[in-house]
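One chain, subunit A, links the two complexes that follow: it is found with subunit B in the first and with subunit C in the second.
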Partner chain A sequence: MKKVVSTSLLGFALMMSASSLAFAQDKTAKIGVLNDQSGLYADVTGVGSTLAAQMAVEDSGLAAKGWKIEVVVGDHQNKPDIGVNIVRQWFDRDKVDVIVDVPTSSVGLAVNNVVKEKNGVYLNSGSGTSDLSNAQCSPNTIHWAYDTYQLANGTGSAMVKSGGDTWFFLTADYAFGSALERDTTNAVTAMGGKVLGSVRPPLNTADFSSFLLQAQTSKAKVIGLANAGGDTINSIKQASEFGIIKGGQKLAGLLMFISDVHALGLPVAQGLSFTETFYWDLNDGTRSFSKRFQERMKNKAMPTTVQAGVYSSLIHYFKTLDAMGGNSHDGLKIVDKMKATPTDDIIFGKGTIQPNGRKLHPAYLFEVKKPEESKGPWDYYKLVATIPADQAFTPLDKSACPLLKKT
Partner chain B sequence: MSINLQALSAQLLVGLINGSFYALLSLGLAVIFGMLNIINFAHGAVYMMGAFAAYFLLNLAGIGYWPALILAPLAVGLFGMVMERTMLKWIANLDHLYGLLLTFGLALIIQGVFQNYFGSSGLPYAIPDALKGGMNLGFMFLPIYRGWVVIFSLVVCIATWFLIERTRLGAYLRAATENPTLVRAFGINVPLMITLTYGLGVGLAALAGVLSAPINQVRPLMGADLIIVVFAVVVIGGMGSIMGSIITGFALGIIEGLTKYFYPEASNTVVFVLMVLVLLVKPSGLTGRAA
Partner chain C sequence: MTTITENAIPSPRRTVKDEMVAFAIMTALLLVVPLTGVYPFFVMQALCFALLACAFNLLIGYGGLLSFGHAMFLGTAGYCTAHALKVWGLTPELGIVVGVAAAAALSVVTGLIAIRRQGIYFAMITLALSQLLYFVYLQTPFTHGEDGIQGIPQGTLFGLFNLSKPITLYYVVLAGFTLGFLIIYRAINSPFGEVLKAIRENEPRAVSLGYKTDQYKLLAYILSGTLAGFAGALKVFVAQNASLTDVHWSMSGEIVLITLVGGLGTLFGPVVGAFVIIAMQQYLAGFGQWVTVIQGVIFVVCVLTFRRGVIGEIAHYFKRSL
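Presenting the complex of A and B:
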């Protein structure tokens, strides 16, 4: 009997040491980049986000400290069911620790639930919907680069201030579009403006002329484009064809990325104003990152806000892992630690993360340069105003996030 | 809902513009299916290639819109003929399914290659100076370019219909599809004719591509987005019927335009709902002869 006890004690001790050993020395992490690799958001996210993730791995310096970090990529084709399937497979079979990027709000929200259920880490830079840090917030999620509240607030208020007090919306008919329309409507009415109406073209529409005509007949001073990527490009291009700008109406691209401006070309895009949280030519940090990024991109494109966001979010994640001394694979714990640590990187500068999972950094109101003002390719934006970090995003007392009620 | 007559007539006109693209594309499909019995799923890809050809002509060779209107369809048509000679020819006598799969695969490859090099946002192509601006019709502002698209494609459609249904060459062609051996016996080079017909169908798609380049972005996926709708148009009109595909193309453009006005959320689906209804009532399509 004594022997049995001692052997089992020995076994127990061995097990204890083995598990604690594993805990102290588990220096592995697996990153899942989930986005649109081939559809209308492929230039905003796509291979550029994968590259940004790889650059973050290299720049983190963790490999030199004995870490093994792996990046896997998935194409969700902008469909929530496909996205959810990939993420489940990643967690169950491939033991992925952290999901990054995930554009298309409908997919972003669906993935949000799975990551929470699997206790992973979710660093979303691609989705716009501000619901990720409001009603749908999750203790495993940090919403990183931008959101619809910040876009609406920046562009909406600026337009109303400069006299655009009546609005008509062209809204992409899915979660992101309606969130953006809702947030912009709030921003516009709060400033004393009025919304005259809206029309909802399906996602990925080629011809916007019918919708633009409806916007034209509404006589609204501002036509708000609550859409993104290819949809925004087509609507702006066709708006100039139908003489909407010449007729005195203004276009507000509520979500514009530099890839959109590049695709439109300055002759069509000039004068558009919109809000972004990142531009490659902001300061030395953004310039150095962007130049390195551009060199490695096959089509020599500059990084978009989303791609830069993927880099920034992973840098903070790696910093946190390094500080914790190992990867516990416990999403809740890691996200808590990430929230407790102030952020600092070359993309967004110094920042913080709110308890509801909203990453805070300044936002910028840009205007697209005239062709003669641009010094060369990718020299597209003029900085009009800077919105400080504490005013750019949803104030905590207005956030509907259930996580906030506990504290 | 109050119906604004002004807005409604504007939507009808816009629908007509989209209809002209549907008509041009479905016409090419109908020609190819009628004469070669091939369901050409690569049609969207060659449409996209037409737009890219115009872009390259302008940016690499400095050749503008007007010459591109002829050169781009010719170049893409040649590409199509090579495709027919090297690949499609070998499966001409097999089941339709093989042609469908082969052309579908080709379309994926072509799109993939373009996407690899040009991304998904696309490239800008400006409206030619002569067609810039617009006129005020009272009920709407009509960009001159769009008006040009409607008139030009109508002319091309009717010319193609005339060529096939009313000329001697067209008669040979139609005869060759009915009985190739017999037509050969008369000393007519049937394989060459078939190749040229495929080139014609592909050229029509490329022409539509050039026409659409200034309106939409020149994007690798521009054809993939459109081709499904165009197939629905062809099915509604009746596979292989030339006049049927022209009329259905324009009509469906108008119906889609009306949907965009009354219930925009459904504007991407209305064509398919109609397709289902037509197939239920008349499986061979509106103008198709029963097989």
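Presenting the complex of A and C:
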């Protein structure tokens, strides 16, 4: 009897080691790019993010080492239900390992819960909500490219530093707008600036004239646009018609991407200030990536911060997989290892990942060039200030992430 | 209003037997779904929308009232159920009760206002009320604005059924759908339903026959709103989130579309329509940016080739009512 037990134990142990061996040699990975391919955020994310993911697969050099990596794409149409169902199906059926991109905060947060439940890996570059590394953080998630706190804080503090010390806000009248205004106000007052007032146009306002006039008469040096999407575009266009920037006031966008500037055109967007963590013309690394990216894009667009973030996050993911010698398909383990490894890529340079899942890298305050300063297509930004990585994002002691309380 | 309903709604003789057979086939198919390879979450989602569209169809197909604000019932019930489950920590059955009660209360209030007008004015009033509510939900703190309520616990229904198991959840949702469907079936095949149809065909004549049409319309509106709310409450367990998409006007539009594709004024049309539309959203997602183009083409084809909707055309071909 004893012998039977010990032999079966031995057999079991052998089986275990065999299976763990099989694990170690499992060199496959499946990437799910989930974003908006046809709607509001299609230019910021969309096909560009898919391309960025494919480029990351090619540049990782894992194929030469015998890896098989597959990229699948889904359009969540900005609806959380659809996003959740796609991701569930990806995990249950298609054995996807990692979800990247995912713009629109409601979808981004909904997917966050599913990935945690399925123990996958979630590298979000598309959503702005700082909740992803704050109250709703998850051990399976890394929030990669940017967040609203970083945008507000970066723009607020850097603008004050470069002389814009009195502010007036045009705030979209809902939670998102108020959060942006609050974070920016904190940054402005912390740097010794002053907020002179704010107006709250309702969401999807068509006519900003009365709000802009109030902003103009406030004589504030900076007018902060705490809004997003169509509201931002409309308010910038109308501000240009009112000659606000020509009148000496500065316009600060709190959520802008290069695709927005491209759509507005330099004559309208000139003089606008905002923060981004990536610009194609920052250094040799970003230029080489962006040129290759642009060549392969059908509409010859330069990569946005989000698309570059997708590339950067996957490069780090592949590096980690390579270092682990195989894909264990265990999301927790992989994310832990990713957090423990310092990041280094051509997009964001050297960086780290905080325990709450926040990826750290420098942010930059840009000003949009005047048409005569621009040397060619996509030459849009002037670098005004650099915000170092350790100051750009939510400080750890202010993060409400439950993961931080374990230790 | 009559211009819409006259052409679109088939009115051949009703035979209870046909409907029984169709119902038996539908239920049998839905019962065995988990055994086949079809992804259960997709079917659950479709069932919620099917119930929603059936509720909507009760109002337009049988009462001739085109509501363009049914998303408000879906969203209200969704938010209330989600809040009850997540913040108050209620059990699933109580959560559903809270959601459905909220939708019922909302339908009483909005119904009293809306049924005073007909046709396009009725549609516009319901749209206006639902937009009003959309902005309320955008602002109130408990909905978390555009982030939505996330990570809602599914819990254990009646302390017996663990809803975090997909199979259990599937049969609970199916039971909920069937219950709602049967309530609608009963309502349509009752004297109340006959009066509703009379109002749809010719309201002044119904009034002249001594019916207090406003009361009938209000009752139909409340029933429809409450059942739409029931669909919203069920959907919370499937999607585990409640967000602004569910109260947005485009959701109301989607409900209209589902019903039109399936067949306006047919019993089973909305169910088929829901499966078609939800399948399109889910399975075309892989086509990336082509999703909306493909959807558009399919709708154009629908409108050009089968104006009565899928079930409407089938029923017309066999000269039966389904």
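What to note about this one:
Here is the rule we use: the second predicted complex is superposed on the first by the 302 of 407 C-alpha atoms of A that agree within 3 Å, B and C clash if a C-alpha of one lies under 4 Å from a C-alpha of the other, contacts with A are read in each partner's own complex, and residues count from 1 in each chain.
Following the convention adopted for this analysis, a contact is a pair of C-beta atoms (placed from the backbone, for glycine too) under 8 Å apart; a residue touches a chain by one contact, two chains touch by 3 or more.
Everything numeric in this text was worked out from a predicted model, so none of it was measured.
Applying the stated contact rule after C-alpha superposition, one finds that A:E58 touches neither subunit B nor subunit C. Once chain A of one complex is fitted onto chain A of the other, the partner contacts of A:T50 are limited to subunit C, with no touch recorded for subunit B. Once the two complexes are laid over each other on the shared chain, residue contacts for A:D390 go to neither subunit B nor subunit C. In the superposition on chain A, contact is made by A:N113 with subunit C only, not with subunit B. In the superposed model, A:D173 lies in contact with both subunit B and subunit C. Look at A:A301: by the touch rule set out above, it reaches subunit B but stays clear of subunit C. Of the two partner chains, subunit B and subunit C are each touched by A:S38. Of the two partner chains placed around the shared chain by superposition, subunit B is the only one that A:P201 touches, whereas subunit C remains out of contact.
In the superposition on chain A, the residues of subunit A contacting both subunit B and subunit C are 38-39, 42, 46, 173, 202. Every residue of subunit C that touches subunit A in the complex is listed here, in rising order: 39, 41-42, 45, 135, 138-139, 141, 144-148, 150-151, 235, 239-241, 243-245, 281-282, 284-293. Those residues of subunit A lying in contact with subunit B across their complex are 38-43, 46, 173, 199-202, 204-207, 209-211, 213-214, 216-217, 229-230, 233-234, 237-238, 241-243, 247, 259-260, 262-265, 267-268, 298-299, 301. Of all residues in subunit A, those touching subunit C in their complex are 37-39, 42, 46-47, 50, 72-82, 84-86, 88-89, 92-93, 105-106, 109-110, 112-114, 129, 131, 136, 173-176, 202-203. Residues of subunit B that touch subunit A in their complex: 4, 6-7, 10-11, 14-15, 17-18, 115-124, 126-127, 133-134, 140-141, 143, 145-146, 215-217, 219, 221-222, 225-226, 257, 260-261, 264-265, 267-268.
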